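Before I ask anything, here is the structure I am working with.
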Amino acid sequence: MLSLILALSCGMAGGLIVAVIPQTRSRLRNLVVLIFTTAGMIFTWRVALRVFAGENVAIAGRIGELPWSINPDPLGAVFGLIAATLWLFAAVYSFGYMAEKHEQRTYYAFLLISFSVTLGVAFSGNLLVLYLFYELLTFVTYPLVIHERSSEAVKAGAKYILYNLGGASVILVAIIITYGRAGSLDFAGGPILANSLQNGLDWLLLLFIIGFGVKAAIMPLHRWLPAAMAAPTPVSALLHAVAVVYAGVYGVLRVVYSVFGHELVGRLGFGTILPFVAACTIIVGVIIAAKQDVLKRRLAYQTISHLSYILLGAFTLQPWGLAGAMLHMISYSTLKTTLFFCAGIIAEQSGATKISKMGGVGWLLPKTMAVFSIAAIGMIGILPLNTFWGKYYLMKGSVAAGMWPLALVLIVSGIINAICFIPVVVNAFRGERTRINGERGSRVTLMLAPAILLVIVALLMGLFPGFVWPGVQAVVNWFF
Amino acid sequence: MKDFILKRMAAIILPFICVYGFYVILHGHVSPGGSFAGGIIVGLSLIAYSTIYGIAKGRAKLPEKVLVWTESYGTLWYGLMGMVGIVKGVPFLANKLAGVNLGNPGTLSSGGLISLIGFGVGIRVASTMVTLFFTMMEE
Amino acid sequence: MTATIIPDLPVFVVIAPLFVAFVLPTFARRMRLVEALVILVGILGFLGALYLASLVFAQKGSPLIYSLGGWQAPWGIELKAGNLGALFLLVVTGVSLPVSLFAKGNLAQEVGGKERSARFYVLYLLLGGALAGMAVTNDLFNVFVLVEVVTLSCCGLVSARNHPRAAEAAFKYLIMATLGSTLVMGGIGFIYMITGHLNMEFAARELASIWQHSPHVVWMALSFILVGFGVKAAVFPLHVWLPDAHSTAPSPASAILSGLAVKGYLICLLKFLYNVFGSALMQEFAVDRILVLAGAVAIIAGSILALSQDELKRRLAYSTVAQVGYIVLGLGLLNRQGLAGTLFYLASHAVIKSTLFLAAGAIIAATGKKKVSELSGIGRKMPLTMAAFTIGSLGLIGLPLFSGFVGKWYLLLGSIETGKPLPTVVVIAGSILCATYLLPVIRRAYFEPAPDTTNADWQDPQDPGFSQKLALILLAAIVVLLGVVPGPLLELAKRAAAELLLLQ
Amino acid sequence: MRIRSFLLLLLALPVIYGVLIAVAELPPYGMPDNPVHNQVSERYISDALDDTGVLNMVTAIVLDYRAYDTMFETIVLFTATLAVVITLKTRKGEGER
Amino acid sequence: MKELFGKLIMNYPYFAAAILFMIGALTVLTRSDLLKKLIGINIMESAIFLIFVAGGNIRGGVAPLLSKANSGAVYVNPLPSALMLTGIVVSVSVTAFALALIVRLHRAYGTIDLQRIAELRSEVAMDDSNHHT
């Protein structure tokens, strides 16, 4: 209980403290950020471990007659763990990346506040609290999206706000309908709508999926995501590859497993269509990604594609599928963050943002490119890396659900992923090797270290998948 | 205005108009008319005075301060008459219920608070008319 | 002493500000005294309203009836402090107190001179008293007279700014509003002609039994009243006077006009529709559908118009047009949740819009810049003002934990209960549009660098003085408070809704 | 301008028609059994003298039965005066803002 | 139609009021002269007064004033008259304020035509912007 409150308030408190530190005291600020993210991570771990152990950690109350509760279950704990752990990496990376940038105070303040809000999404115990933090997440990450202050960033910010507010509003309607039907919004007592009449639920499911699908970047609701790449790289890495989009994915998982329940979704018409929507997004997203020349945009479209892996696993409504989804959620987040980190280093050190201009970058930044290549291989889903396991269980789930073409989709997508990234690596090591080593100085070290560490974690996870298995199992047992 | 006849005639008629206005105010409860009509007659007599003898002279007769005071306290008077009821423990603006002597119907002193309120309203209306006239003419 | 005051409380909250207003002109030059009296009466009024609300709250269901002059209902005028009245009284007193605190700061500068500001305060108090009167009145013709007091004092407040544009706006406002009140008077006349009563309950009872005999007259009365109050409350196509009036008025006046005066008319409209005609008759004459449609159009059109304004106060004024749409739409939902949401929304919008206008006023007073596009970086220079503005905006957008959300939640519950998609879609679209016209202001204020300070005509703006800061803090705190603990007010709104819909 | 007026008149015609229908439907003019002559007005006529001690019933209503309305009526006048004064009275040296 | 007219003629004061009301409304809406607008408003209000007062009338009734001369007579309803007393005062107040505003506008622009004022104002605005730039 105490660790739950502390975990949630660490980011908020840190953000407020950072906001009052003068603009010039950057070392002090970095220290505060480091302390609070670390503390937040530790408390989140404590909460998560207790949740996995089967303890009930909850706070609840009422606003008027609307109940609220913060009550992490295994699914929330897994999401919280991913976010909290990666936040620390992203914060360290930011120390390097942001070192000579403007408006650091705003940046770190909002980075920390959004940490709290993301954990709030993860730990929410009912739909209302989920909605609250989901909506807040849009607002507190908005300053990060427009951090560059360029007109392009402002436009991206407007798009970001509009898409996400629209999605949140649709969710609000859906929540109100749910409330009207079931009279309760709590996740704790099994699926909310389990005993509801079936008529009209199709449309309710559609509303929920559209609403959360905006943040989960289901096509055609994905357009804000590539635009939001105008943000600084750590933000792209953390928020637009992990935290914000996972909030959407997490919402969809919640809707499928906690609001409707997998049995009810299986009986609905839309429930059977959804896996194919996810499959379409997987393929189309990665194809569009392969056509992009700007590295960050390529990564963004690829994110769209991979988010739908997770959704696909969830939509199979099978224990294996859900396990796959959870595994992919964990493993993908490590690798994608690494890729973004590398992209940031490349852009900072060589000035190249387009893939076609990256000839010879590999000689300039050998370590970075090495890390990048490993992570890129991971995106394809080959064994020594953790993504393999996620994909394996996803396929298993699809087959178990009797939807074997989906397994095929996953394989095809893996191939296109390879087409997507292998040329980047190859291209990087082509060309003259005369340029001097760009990986010197504390700034680059601060940026490189998290990336390397993450790749090592990913490799370890790939080799010893039992290491994350208890969490995955807890989630699966919780819902099935 | 320099018209001699007008000035003389006004000097004769206006006092009567003014007195008539007060008569109407005071007899509002026994005859047709009432405080509003009477107040406007009084006000008009003063307005006529100011038009005929010039604004400055009218102003001298009725300085701004007097007008402001009659305005404010004339309105307050109404409220205070209403408070009589509250003081006596009955609702606001009560008359008969407040135990006021209603007097002999048809006479000037009848009606209890009604005649008092009416007088206040009459004065107020008169001063309002004059204030409106002065404000519009002077600026 | 208290034993004698309590039964007279409904009338005291109305006449207290009026009494002070009567004597103020006689010491117009002693500014300190004037301000102290205004604030004192504001505090007293708020305490009175609070006590009244607690009384109403304690005795469930039965409203406090007060027969003026001791004359019983069909003969005399009756005040009725029920749930609705207590709610609106709370709103009126709760908003006008911070606004008068704000006015204390720089009113003389804004309207020009001590005496003018004393007169401004008099009009302000008269407006407050008349609005309080609207909250508790239960008599048709009394509504008309109160409406006229509100109209005239509003126009006076608009023209308090010594500028020809203000006079023009005031004239437009006056003509339109008088047109409206003439229509309202006509409507009252028609109702009186066929029922013979001026007391709302008696008229309603009579009307329910005889409306079949003269449906056209009822139609006429309904449409006169709808159009009349529609003009006054600025329901979309009839809103033409509002943007000019609300944007040229001095800032405290804008806050009161947008926050309270418009709401007063809407409360009157609500009383006419629900207390006189009744929900059954409303359905019979399709008024509910008309209201929903008008509200929907107002929300969309008002928001789009607001989006195209560059002048901050005009943008806020058009936003009022949109927000009035919400309330009108809510009046047409005809179910308990929807109506309770509407009432809560009305209260929360009163607070929020006052906050926004006051913050805008403080910014304009400090910088002299009226346009949104000129406000770059103001958030750093005037952090407190801009924080209040941000809280207000987030409340208006309807973010959870702010007061707007609770109202919107119940409005949505009500709209979904009607089973028609239009209200739901429009309410949602409205809040998104609201974000699109308010967030750019905040973005500019916080995330854009301030222009060069070396420039001569940009002297460094600062947060306003103490009392103005206090007013902004109070209002912003109410916005958050209503969002976090809406309990009592919401309960009041729910009971009022049940009472209006004749449910138990 | 003239065309606009004409169009407005054309638009007004249905409204006029509606008003006329409603007007025709009002209780017949001057009949003693109209709804307006109910117990309310009867009491005013029969009891005004006892209740208020005033011969003029209109005054009895204005200043006693419905004195609250009349109070607001004087307030309307008061408001109007203030509004007029605030509009027109500008001292020298108080520049326009 | 014939029935309608029959009823209208029976209700002739209301009919007259309706006509007056429409005249007033059209004057307000179509005229751009401020004074004419104001006159229109007053005509409208008079129409409403007429409806009220006529509604309280009884054919053959006497004014609601107790006196020995008309003891036993039928009195007309005094309530509408009392209400309209209030209404008239309200209308006077509005008129006074509107006149004051007209005076103010005339002082500022030298005209009381709304369109002309709008033109003048836009010219002033143009001048203002020229000054600043």
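Going by the order they are written in, the chains are A, B, C, D and E; count residues from 1 in each one.
Methods note: contacts are C-beta pairs under 8 Å (C-beta built on N, C-alpha and C of every residue); 3 or more make two chains touch, one makes a residue touch a chain.
Just so it is clear, the model here is predicted, and its values are computed rather than measured.
Chains that touch both chain B and chain E: C, D. Omitting chain C while holding the rest fixed, one finds the remaining chains separated into the touching groups A | B, D, E. C-beta contact counts were set side by side for D-E and C-E; D-E has more. Among the chains present, the centre nearest to the common Cα mean is that of C.
Taking the CA centroid of chain B as reference, the farthest chain centroid is that of A. Look at the CA centroids: the one farthest from the centroid of chain D belongs to A. With centres taken as mean Cα positions, chain B sits 79 Å from chain A.
Each chain gets a centre from the mean of its Cα atoms; for chain B and chain C, those two points are 36 Å apart. Separating the centre of chain B from that of chain D, both taken as means of CA atoms, is a distance of 22 Å. With centres set at the average Cα position, the gap from chain A to chain D is 67 Å. Across the assembly, chain D contributes 19, 21, 25-27, 34, 36-37, 40-41, 44, 49, 51, 55-56, 58, 60, 62, 64, 66-70, 73, 75-81, 83-85, 87-90 as residues in contact with two or more other chains. Multi-chain contact residues of chain B, defined as those touching 2 or more other chains: 31-32, 34, 71, 75, 79, 82, 92-93, 95-96, 105, 132, 135-136, 139. Among all residues of chain A, none touch two or more other chains.
Each chain pair that touches appears in this list: A-C, B-C, B-D, B-E, C-D, C-E, D-E.
If you check the complex, the residues on chain B that touch chain E are 31-32, 34, 36, 105, 132, 135-136, 139.
Residues 21, 25, 28, 34, 37-38, 41, 44-45, 48, 51-52, 55, 79-80, 83, 86-87, 90, 93-94, 97-98, 101-102, 104-105, 108-109, 117, 121 of chain E touch chain C in their complex.
Across the complex, chain C is touched by residues 68-69, 71-73, 75-76, 79, 82, 85-86, 89-97 of chain B. For chain D in complex with chain E, the residues that touch the partner chain are 4-5, 8-9, 12, 15-16, 19-21, 23-32, 34, 36-37, 40-41, 44-45, 48-49, 55-58, 60-62, 66, 69-70, 73, 76-77, 79-81, 83-84, 87-88. Of all residues in chain C, only 4, 8, 11, 15, 18-19, 22-26, 28, 66-70 touch chain B in the complex they form.
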